[in-house]
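Naming follows writing order (A, B and C), and every chain is counted from residue 1.
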């Protein structure tokens, strides 16, 4: 790849590819994940009611991807537990984030500069996890692109994909929300990463692995930092998504007559799909007498809040810290 | 088997046993399955809100049996994804059924004669799936009749058995309904098939495999066609079921005094169990002060509607087509 | 171990370790488990509505531990079905407990002396199951204490840990309750057993296996009998739990100001955690404007009833028998 050589990035990408995730990057991942759990509504109360359920939930946030991909590949779901060092590290972080005297750890980590660094480091671990999943799937299913994508995605975004069951551990059940119905930014970026790494593995993408790792890592870190600094939740793919959606899924359908309603300007581009669907749904509801029975699919207020928290908390206000200080 | 030879059916049964399911029968299975999903309440709206959740749900309708039996046998749940051709075929059909311009594909396939043929072909695939499950289980657990029945049943009726979790993908959660609580016709016929093929495999049933395949296939196809043509949902086993139920499960029990109430003529024989149970339940409720707290187990209106749709839509009215034409 | 020799218990512990669980102890386990299911609200009605769902639910009560540990270790979840003799035995017991003429079996087994013996025998099977789980995990993950504890716990208390999904089979869904949120006594004692056996296996606990088996079995049987005879549900660990909880999880936290509220005397020591949490929660609710949206984590009346029934029915009143006699 001449461009990489020209920019003297070859050495950098090699250096990055040889970076060890343990212990610093893993720690950052655990801290950001446990803080994301703590910022879920009801999680703090749970930590007082049932430390065990809280610990188990934290482990699902930290190792959800490993558990999900293990189940999908029929490998032992307890395997992550066998890595005692990681579990111990994650458990210590869980304890400090939830129960530290004076709430020091959470309040420090929630400060914008530190949170920015930690979130950036967590994004780096995403590359390694997605790549790990794709490589693992490649070992079992040589030429199946779909399996590679599925396992890479599961490994990188497992915590989000199993969130319904993670919530169940905490006694919360929100069947109307899941990451397939309305993907959050981390889930989207992980899916894109899984597709890219799977294409690279099957040589459809003419890039070297360490170059792709560099490009993908830089993109995720920069984008995450931008989102945290600007407080924006605008997905960088909103335009592409919207275009794909309009071309493929909103075409000459029974709902074609609705497209003029849909074309109204979207204030939040990332929710283009939702607004389309809501319009379609309202129309359909009025046509369909039995509509009253449907469980509403459209995300309510609760969902968007939950997803926001899941989205590793772009909002950097440390509300609970203010209370205690 | 002299009867088969006398009727010159030996050759026919050999021919049937050598029939390849790919691509035509598999296609019919995918079309009927995706149409069954489309006819679920809320599915059409979902297809506009979240094409990804809709696609995943369709795949569970098409490959649910493979996924469920894989999980039960601790084989990779992603295995169906590794068969790229099948997934591609099912995905194209999903796209055409949900998003085809002018809704041409759905409206054509929903016409009674075509739907009759497709449903018949889908019933043929059931034989192959049940037999595949029984054979697979036989390979792992030589002499366990129960495992063979369970895997054969799971493979043939997987979409129905995992319907709670398939619905969860679509944001719908109906815990009060499942196929074990109230079996639909396809689940019942698959269970019977699994029992028969398991008995044949262990030589308790003195029939050759290809003869049993012929008999079972003809029975399912004829019965399905009859049900679609007459619009009847009367199960052919209603009488046997009712007799077995009365003998084994409604006998000299604390509820024996209720049997006279139960003996009232059942208009819909297939719901004999339900009417029995409702009577028993009402009686019990009045005896039991705490009954008000029970989650109602008896199937409500929502369930029967849902099951009807699941039952691959005996109703051949193409309601949504009328709207758009 | 000199103490064991001095008390001539060495021979006794060897005898116990060589005891076969099949058939008598297994039968006692099945009877007590199926009776625990029957005493769940709504179970008796279910047995009339859907014998199949009732049977499947019973099997999950009887073999839940085996199913859960199989899933966690990526072994076939259908494996328990392959042991035809056990399944047949459990099925016969299920039939007799639910459908026996005159309800003879249930009413006899529910008499206090017989129930006491059966529950004691069931506690003995717990030792074997926990040990079996720990040994199985040790075979796969040589030196992972956590995996051994997890599998031992899952195998010994599986029925409780999967209770959400067992209830789903019966059409009941109580997401706000699970054994991690509020552990019942059997789940706690099993966890302690799993920890002890895992420590013994890794030689951290300087005890011989058969000695530990004797000590643990005697403790569980005696404690269970005491609880049944006194009708008390006071956990023998309440004091330790409370001390650990106060030291680790209620310390200098954002809620530290609440500890004086929490220190009020607890009438039921076993619910110390709950009362603490409720206080913390109320405080938090008043501080937090968004609290109204939280799904209540604190166990409601429904949960405590359900857990009581799950707890293999300490209450020995045979309410339903009175009705029918």
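We adopt the following convention: contacts are C-beta pairs under 8 Å (C-beta built on N, C-alpha and C of every residue); 3 or more make two chains touch, one makes a residue touch a chain.
Worth saying up front: this structure is predicted, and the values here are computed from it rather than measured.
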| item | value |
| --- | --- |
| Chain contact graph, described as a line, ring, star, complete graph or other shape | complete |
| Size of the rotation, in steps of 5 degrees, that lays the CA trace of subunit A over subunit B | 120 |
| Separation of mean Cα positions, subunit C and subunit B [Å, integer] | 35 |
| Per-residue overlap in subunit A, given as positions that touch at least 2 other chains | 74, 173 |
| Complex contacts: residues of subunit C adjacent to subunit A | 71-74, 137, 140-141, 144-147, 150-151, 164, 173, 175-178, 180-183, 245, 248-255, 273-274, 276-278, 280-281, 284, 287, 290, 293-298 |
| Residue ranges of subunit C touching subunit B (in the complex, touch as defined) | 41-42, 44-53, 56, 70, 74-78, 81-82, 84, 87, 95, 99-103, 168-173, 302, 305, 320, 323-324 |
